[in-house]
Every structure is written in structure tokens, then in C-alpha cells.
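Since the structure comes first, as C-alpha cells, the remarks are kept for the end.
To keep things simple, chains are lettered A, B, C, D and E as they appear, and every chain counts its residues starting from 1.
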Amino acid sequence: MLSKNADRLAKIWLWLSALVIILVLLSVLGYVFINGIGAISVSFLLDMPQNNWREGGIYPAIVGSLIVVFVALAFAAPVGVGTAMYLTEFRTEGLVTRIIRTSSDALNAVPSIVFGLFGLSLFVFYLGDYTGGPSLLSAGLTLGFMILPTIIRTSEVAMRNVPYAERMESFGMGASKLQTIRNIVLPGAVPGIATGLILSIGRAVGETAPIIFMVALNPTIPKSLFGSGNTLTTQLYYLSMEGISMKVAFGTALTLMLVILTLNAITRVFKKRLSRNLRRC
Amino acid sequence: AGKDSADLVIAGSTTVQPIVTRAAEVYSKEHPDTSIGVEGGGSGTGIRMVGEGSVAVGASSRELSSEEKRAHPDLTVNTIAIDCIAIVVNPSNNLSNSSLSLAEVRDIFSGKITNYKELGGPDRRIVLVEREDGSGTRSMFESMVMNNTDVSDAALQKPASGAIRFTVSGNENAIGYLGIGYLDGSIKPIAVNGVLPSEESVRAKSYPLSRDLYLITKGKPSGLAGEFIDYLLSDAGQDIVKEEGFIRLE
Amino acid sequence: MDSKNKIEVKDLNLWYADKQALKDNNLHIKERKVTALIGPSGCGKSTFVRCINRMNDLIDGVRITGSILLDNKNIYDKDVDVVALRKRVGMVFQRPNPFPMSIFDNIAYGPRIHGIKDKDSLRKIVEESLVGAALWDEVSDRLGTNALDLSGGQQQRLCIARSLAVKPEVILFDEPCSALDPIATGKIEDLIHELRKKYTIVIVTHNMQQAARVSDFTGFFLLGKLLEFGKTRDIFENPKKKETEDYITGRFG
Amino acid sequence: MKKLFDQERVVGAALMVFSITALVILLLIMLFILDGGLPLFNKVSVSDFLLGDKWVPAKGLFGASQFIVAALLVTFGAILLSVPLGISCAVFLAEIAPGWAKRIVRPAIELLAGIPSIIYGVFALIIIVSLVRVTFNVATGETILAASIVLAIMILPIIISISQDSIESVPRLYKEGSYALGATDWQTIHRVLVPAAGPGIVAGIILAMGRAIGETMAVVLVIGNVEKMPAGLLDPGETLTSAILLEMGEAVVKSTHYNALFCLGLVPFILVLFMSVLSSRLTTKNKARFA
Amino acid sequence: MDSKNKIEVKDLNLWYADKQALKDNNLHIKERKVTALIGPSGCGKSTFVRCINRMNDLIDGVRITGSILLDNKNIYDKDVDVVALRKRVGMVFQRPNPFPMSIFDNIAYGPRIHGIKDKDSLRKIVEESLVGAALWDEVSDRLGTNALDLSGGQQQRLCIARSLAVKPEVILFDEPCSALDPIATGKIEDLIHELRKKYTIVIVTHNMQQAARVSDFTGFFLLGKLLEFGKTRDIFENPKKKETEDYITGRFG
């Protein structure tokens, strides 16, 4: 039968397509792993670079990445979750919500290199007196702008997933809006919000283009947010582009990858909790 | 940032970066109370940053443009090392055993010569590799070699000398140029007018392609910036210049 | 057997955007009596009870005219604190909606938001409320388990207990037995009997027998209008309007 | 008790300020990009910029059409490669995969989405570039094709997850109706499920295109960066974003070159905005149909 | 009036995961007769008919024991081609579910997947099927319009036409009139009368009168078990079991 054979062939193709994707993933992971594993060790992570990165470790890049992500999140998490809360709890659908949502979507669409141009103009040149110019603060804020829409989106979905009926019950018992938000909406939305935040952390850790004009190879540990520094991604870019040390470059890449893998594993845990919550409702 | 007297940030050209980074590394070890940060961004960004005061020192692999001089008339240019541009090919390319005249180099890069057989080599297309528009290395190459002819628009552009080295070392058809500091076993320099690039040939002025590298300050260098530049100009500093593959100042 | 009017509804009209859902309704609800509201689906019963604790305020585009006096004070006056009103007028929804937390926390939710923090008081209130809702015996040994693991009938009673815990004066039941089997329904009816000693109760129901069994007064709604209102016995034995009779005898709706 | 009410007002007002932030940032971006870019047009006409194909900043030539063409070619190539694979994989996940396979493939795709673009770039620079050079026997493997391949890998997760969602939200009834008429799995998939999920899948593809146009790091490393109009997928090229990344650092600030680079940023900005609007239109329309 | 057994169900049990939904069912369905299945909501009627064309195979965690013989061949045998089975045993669902395509394409869908490509043959089949489903007159001039734009009753008949187009031997109707008004219902009942000349028909219905009107045999399900089965006249006039009588007279469920 013709249709039977077509069915069988199609299924083989569908299985193959999934297999191809797995293979692509494995080859990227494997490639970075095989090339990077030789470089990585505890002292690689915790030592200062020596001799222009040809020896020693990548400690400044790790500190720099942490600071940059911290700044990005310190800006974007409250603003993003707050925006989501405003959209779901304080505003009925209308012109205002449409404008906010559209600008958030538009922001999400801005190419990362455009964020780079913007961050350079705004933070380094225009506000340089306050941000310390090409500082980790400037880089963090640029990334914060970039991840804001993701946080708004995921938090809004998480809050909307808290059943309407639960809010009504709470109001019915004489709870105020703030009490309802604190006791019903936020606890229900936490796994979803957390998943969104972790996703954004991953994005902020992994981005290069927006901060490439402010952060480069820098062997120092900044004393403050206003100091200049180094992140894993920009270090990886310069080490490989300048051809300084491919070994250290791959070690950096593997470190970056392990960070992403870990964040990914954490989101899985949250997602499981999330789906469990939803099933019960 | 640079406001604290013990802190110094140097931003700009990635060519100068290895020297500055190494020097900063050694200098901070000798003066543990100081912290010297090094940022990239490129020559243009570095010059503007010093000009506007967001960093104390800018690194540049080219001289100030007239626009830059007009915008920031108070900038001082401090020469700290000499760089020399090598024309390089893949080690398997037998061009590395011969010598080219400057005119031949120009013809290759302008796209007039497109095949190695025109130079007596095998029948293979030439793949040109150059630096990006605005790069100090590139403008130096263009002014010293190209003599007002344009580099062929078929040339691959790379954001850094290391990337040029990477491409040339991986492609037997490729020819490129880079700072002498980037020479290693994976690529081979070509003799120009019969002379290979080296410290001696540059100093003897027999190798034609060399340029200065600069640190830019606002006014005369002072404070930590001044001390650091003095250190770079000292014997110890110039040793670092040499170790990183560049050429010492006289 | 006449008692004080707890609630007086005057000329109540309600529109959902352009659509009128309640038309010129007037009625009195007596203190410590059970008032049943019956009528075909979509006639506005739920809408009506939701007016009494201003839950309709939460719906976009709702417009209300007329007044509802609770102890002679119009709850639609400007200076009324809606939050405090809802504390006085509790509500049990048609579908039980426990919060996704423990049984204990569900019941303690109301007292907590109204400022009770002391563990012992909370424990006492939870026990009293669960006893009051005839659920204590079934759950006393597992107050820490998630309320969503209870059966439908238990969840319904949990929601009743939850509204008792706030110590309201009036409780509005919107079809509290619609999702329950006869045994659970019986339990809730017994409960209502018990509760009427202390609370003023309004109950919306589809079940004629239930209205007859549990209520003192009955109102019949049709197309957003209270068509007939009176003592339950009168309504069921001597309806004045033809529509009421048709509905009660099942010839209608 | 009245106090609570005020507190609510205060919080509401504070949150409103927060939620305006997204709009403010968007406006700031437009402002700064326009401010950085528009002075170009005092020196160069818009048509010379958009249609010219000579980019020689030193001589004041700022024709960007070859960058635009290269960006479109790269995106087109990436879509061509990733769409068949992505939709197949989405169908696989939604309809065919047994539980265990789903549990492997789904996380793999999420991981693929999480890998930083710079890592893709380094991977592609070494592996894909040589693969292309050897396979097609070209002078250099740094080609538009190589960039398309990396981008295809990078946008696969977007296409897969959005397509899978739309396929899974096709009403069960359609599926059962088809099976009840004696259709095979494949017939049901390609005649009923995929067409019904069509608008959602298209929205996903458009979103992916936007991402591809805007991507920088992975592209700049493998595309060769040649400022010449590319003749095909096996030519090197230079996209809008890679030109910015390459030249921004060295350009003399506030020079015409600098202005021109901002204008290069304006192009993908506008293109991608347009695509995201298109995509969200399609998804909402789709939802309305199934509701 | 006795005819051949088209379908024989033997000891059929079905579990949804742990929950048993059908228990030890045995029954014979006669060729070219209408067999009605009645019973309270949730008793397993839909589950039962979905066994006959193995639609339950599509649901995760379903386990089935026993056998169903179609023309003396067990459809649950290993070597049975499920796709071919479903071509022989068509099904019309409770909720009409046209595909989101034109009326023509909806009906041509079945013939096309079974390999008919020729335009004229397709056109003929579509017309025959629509005539057979009493829909031709209403839609013949707009076969190209989207099927989702038809009214509920028209959609229902479209789905019937769609299953006629694959020329099945048996048609399973799962409450085909539940969403229809009396006029549309009447049309579909007339249609079933017509169809029984050529097809074996099984119809699930909540409507006692309908079962009495259209069927030759009736089966009464309760809690997953076929409690009583026989000629429709016998079941309605002389039920043997008390539960059947209660249900038919409306005292139950």
C-alpha cells in the first residue's frame, strides 16, 4: 500500500530530523569539551592571568561576569517583575497595557549589536561621568536593558497562570489587592518568575556583542562597579581573535558552557515544580 | 574609575594591548597599591575616551586624525614602541622563500595579481586577508604600501591580527599582513625588497614597513599615568615590549 | 417569626457593558434567616449575590445603579471600605477554589490577612471553622496536607470553613452543592441549618428541593428580574405568578 | 483601614513608573541611534547609502547595499536550512516521539538555545568553515553558506518550540476526525495538523528570521567580511551587524564613518521591529481562530 | 427480520490507566440495523463505541481485553491494519469537527487519502455524500467556502457526509444530535432512517425518544456494563431490569 509506505518513510525522516539535532548539539558540546577540558582546573578558575593570559587563570573574567550579571539583574528583575505585576494586577487591558507590551516586544527584537551602539553612546559617552565610562556598571546596565523584555514576558505569563478564581476567593475574604498579590499571586508565580530570571541570567552571561565596545581583556579585578573589567565572553572573543592562547580560549569557552549547563539544570527543577503546581490546580 | 589616584584605566587599540597588559601586570606587582585596568574598544574609542576624560590613557596604533586633533587639542601623543608590519603566507606556500617588491605586494593586494602562477607559483587563486576599515594596522599598511590604490574589495577583513594569523595558517591560498609581534611558526613572513622583517632590519631602516605605537594622555602625562608611561619607557618596560614581539624604541 | 432586615436592596440595576443583567430589583433579607434564590440558568442569580459583597467591582465594564443597605448603610456609598465590607459579607463560590497550600493555611489565610498572627489563636480559629463546616473529623489529623488533595465535597466544605474563619455576618452561597453527590449535599444542607443560628445566609441553588428544604425565604428570578419573593412555604405551595409555578413544577427552564 | 487603600495607590504608581521603563528605553535607543546616524545624510544621500555598493570610509564612500544583500542572503540560507529540519523536529516532538525520546530531545533543544553565540562562532570558525572549504572546494570556507549554517543551528530552537506549540494547540477533534476516516499518521500530520498550525509556524519562522538578521558574533567570525557584493552562497560577504562590530572600535568618534555605522545599525533595527510586529499579529490571529 | 451479525463483542474490558471504564461486555450488532446505546452520563457509551474502530488506541494508558469481531475477524488481532479498519468503520463525533478547509476539501479528504486523485470522481463522491447526508441543497452553490462557517447542524451533517464519502460499512454516531435544535435533529433522524438501508449503524444518545424512534435494537449501559440489550420495542415497553425501567422513565440519573 502506497500510503503505508509513505507513512513509514515519513516517520523515518522525522526520527532522523530529531537525531540530526541531537548530533549537532553533541558535536558543539563535545568540541568545546574536548578542547577545553585540558585547560580547566581549580587554579584555572581562581588564579590571576599571568604573562598575558598565556599562563595562570581567568579569575578576573569570572568575577567580571558575576558583577555584570548582578548589575543586569539588579536593574531588570525589579523593573521586569514590577512591570508584569502592573500589567496583570493593576491594569485592565487597554491602550496602556498595549503600549507597554508592544514596547517590551519591540525591545526584545532589537539586535544585540544595536544595544552595543546604544550602550556605548549612553553609558560610556553621555553618562560617562556617572558610570565610570567603560565600566562593569555600564556593561551590566546595557545587558539589563537587553534582558528586561524576557523578564517581563515570563513573569507576566507566570502571574496570569495563577487562577483567577484564587484571586476572587481572596478578595471575597476581605483581602486587599496588595495582600492578595503577596499571599496568592506571588507564591503561585514564583517558579515561573524564577525560570524566567534564570533564563535571562544565561542570556546575560552569554552575550558578547552589546558589551564588546566597553569590556575587553583586562587582567585586573575591579575595586568597584565603576571600575573596568573583563567577562568570560569578551575574553573568549579577544583571546581567540588575537590568537593569544587557544588553550585558554577553550578553557574559557568550557567554563562558560558549564555555567549555561548548570543554569539549564536549575530551570528544569523549577519547571518541574511549576508543572506540578499547575497540575494540582 | 580613573578618579581614584591609585587607579588607572587604559583603553583603545587592541594592537597595543599585549604590551600594556603585560606592563600593567608587572607594574602592579611592584606597586601593590595600584590597580591598572586595560580595556579594548579600538583606537578611535580609546582616543575619544581620553579626550572626554572617561579614561586617563588611550592606546592607539595610529596618529590622531585631524578631526580628533580639532575636537581634543590638548591630547599628548607618547610613543612607547615600534611595530613592524609583516606580509605573511601559509608555511606551505613557496612564496615564502622568494622576495617581493613593494610594487608586487601592492599589485597583489589591489587585486591586479589574482593567481599565484602570475608570481611563478602553482595555479591557485590568491585569498587576500586584511584588517577592518579604521584599523591602525590597516591605515599604516595602506599609506606605506598601497600608495593611493585601493585594497581589492575581495579581501577578507579580520578584526584582529590574531585572526589574520589564524586564517592564513589554515588556508594555503591566503596572504595577509600583521604586526611583527604576531609572527610564530604557523605562518611565514615574506621578504620585501629582499629584506625579512626583524628588529635589526627595521632599525637599520632596510625593512620598509614600520610604525610607532602610542599612549595618548590629556596634556602632559602626570600622576599614575605619567609613572606608568615612564615605566614603559624605562629599560624594564622596553624589555616587555621586546618580549611581546615588538621593537624597542632607541 | 419576623426579624430585623439585615440587607435591603433598592432599585438595583446592573449592566455588563451594554447588556443589562439585573433590572429594578427590590428585596429584603432578614437577619439570621436563610434566603434562597432560584431561577433558570443565566437569569442573574450569581450576578445578584455578587452585588452584595461588591465582587462585581472587580469585573471590567460593570455599571450599577440603586442601593444595597447593609444594617441601614448603603454599601455603594463613596466612603465605604470595600475590603472591610467583604470581611463582613463572606462568599462561597459555585466551584470550590482552595488555594494551593495546606488545609491549615487555607483556613488561616483570612484571619492572617486581618492581622491575627498569634499561633494559638489561629489554631483555635482553624479548629472552630472546620468543626463549623463539618470537616474537622475528616481532616483533623492532616491539617498540613495540600488542600488540593481533598475530594470535591471536602474542598467545598473547606471553602465554607475558610469563610467562617473570617467571622462574617452574612454568608453568600453560590450553588454550593452543584458539584456534589447526594451525601455531601446532605452534609452541607445540615451545615446550613446549623449556620443559620449565627449567620444571615443567602443561597443560590438550581435544586428546587434544596431550596424548599433549607430556606426560610425564597426569591424567584427571571431574566434579571426578581419576579416573586416570599416565605419559602408560600412560594412553593402558593406561587402567585404563573411563571414561578411553571418553573417550580419543572414545566419550564 | 483607609490606609491600606493608599498603600495600594502608592504601589500602583511605583509599578507604573517601572512599566514605563521599557518604553523609555526603546525611545532612548531610537533617539541615540538616530542621533548617531542621521548626520551621515548631510554628507551622503539616502539612496547612495542604501543602493551604493562601495564602502570606503577613507574616501567618504558609504554604500551599504552589499551589507544588506549579504544579511538577507545569510538569513535566507539559514531559513532554508533550518525550516524543514525544525518543522520536522517539531512534528516529531508533538506527534511521533515516545516519552523517552521527548525527554531527550526537548532538553537538547533548550540547551541549543542557551549556548552563547560566541561559542557557536568559535565552533563554526574552525569546524564549519573547513567543512565548507573542503566540501565545495572553494578558495576560502569563510562564506555566506558557513554563516547560514551556524545561524540555522542557532535559530532551530525558536522554530521548533513555536511550531511544536502551534501543532499541539490544534484541536484534538481535527486529529480524531482524520483518523476516523482511515488516515495514517503521516496523512493526518501533513494534511490536517501542519496546515491548521500554519499561521503559528509562520510566526515562528518570522521571529527566527529577525533573530538571524540581528545576530552578530557568530556571523562575524565565519562570513569572511568582504565588502563586495556577494554573488552567491559560496562567496564571502559582510553583514550589517558584522560591519558594525568590526569597524566601530576603530572609527573616529563622531566622524562620518561613525555616523554611517549607526545607520548600519538602523537597518536591522527597523527590519527586525517590522518582523516582530508581523509575527505577533500572526500569533494573535491564530489564537483567535482556535478559540 | 433476523439478519447476520456484523459485529460481535466478547468479554470486552477497558481500563483508563487504573480506572476500569468497561466491564465484561458482550453484545451482537446486526448488519443493516440501527443499534442505539443509552445510559446515564459517564457510563461508558462513548468509550464503548470508540472501541469498535479502535479510536481508543490514540489515548495513552488505555488497556483493553476481550475481543470485537467484525465479520468474524477480531479487530484487536495483531495483524489487523488499524487504518483500513477505520475506513470500514466510520465515526461521527458528538461535537461536529469539520477540518478548517473548504466544504469540498472536507468531504474529499477521505477519498483523497485513500488514493483517489481524479477530479471528476472526487466531484461525484462529494455530491453523492452531501446528498446522502441531506446537505447538498443547502451548500451546493458554495462548496468552496470554509466549513467552519456552517451552522452547527450543517457542520454535523457535513461530518456525516465526510464519513459517507469513504464508503464505510459501519457508521458509529456518538450523540450526533446533542448540540442541535429539534429541526436539525429531525433531519438527522430521517437521514439515519435512510442510511440504514445500506449501512450498519450504532448510535449513542441521551435522548430516550430518539432511541425509540430510530433504532431497531437498544442497549442500556450502567457503570461500564451493558445491563440490558434487546429489540428496541422490548426494552422500552418491557424492560427486564428495574434500573432500565427507572432510567427510561426518568426516575434515575
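Basically, contacts are C-beta pairs under 8 Å (C-beta built on N, C-alpha and C of every residue); 3 or more make two chains touch, one makes a residue touch a chain.
Since this is a predicted model, take the numbers as computed values, not measurements.
Path length between subunit B and subunit E in the touching-chain graph (shortest route): 2. Contacts with subunit C and subunit D are shared by A. Compared with subunit C, the chain whose C-alpha mean position is the greatest distance off is B.
The interface holding more C-beta pairs in contact, when A-B is weighed against A-C, is A-B. Subunit B and subunit D have Cα centroids separated by 35 Å. In this assembly, the C-alpha centroid of subunit D lies 49 Å from the C-alpha centroid of subunit E. Computed centre separation for the pair subunit A/subunit E is 53 angstrom, with centres defined by C-alpha atoms. Rounded to whole angstrom units, the spacing between the C-alpha centres of subunit B and subunit C is 83.
Annotation for subunit B: residues 14, 40-42, 45, 48, 158-159, 166 touch two or more other chains. Listed for subunit A are residues 3-4, 120, 125, 176, 212-213, 240, each touching two or more other chains. Within subunit D, the positions touching two or more other chains are listed as 4-5, 125, 184, 187, 245, 248-249, 253.
For subunit A in complex with subunit B, the touching residues are 49-52, 120, 124-125, 128-129, 132-135, 212-220, 222-223, 226-229, 234, 238, 240-244.
Taken together, the subunit E residues at the contact with subunit A in this complex read 83, 113-115. Within the complex formed with subunit C, the subunit A residues making contact are 92-93, 163, 165-166, 168-176, 179, 183-184, 187-188, 277, 280-281.
Within the complex formed with subunit B, the residues of subunit D that make contact are 54-58, 125, 129-130, 133, 139-140, 142, 220, 224-228, 236, 238, 245-255, 257-258.
Put simply, subunit D touches subunit E in their complex at residues 171, 173-184, 187, 191-192, 195-196, 289.
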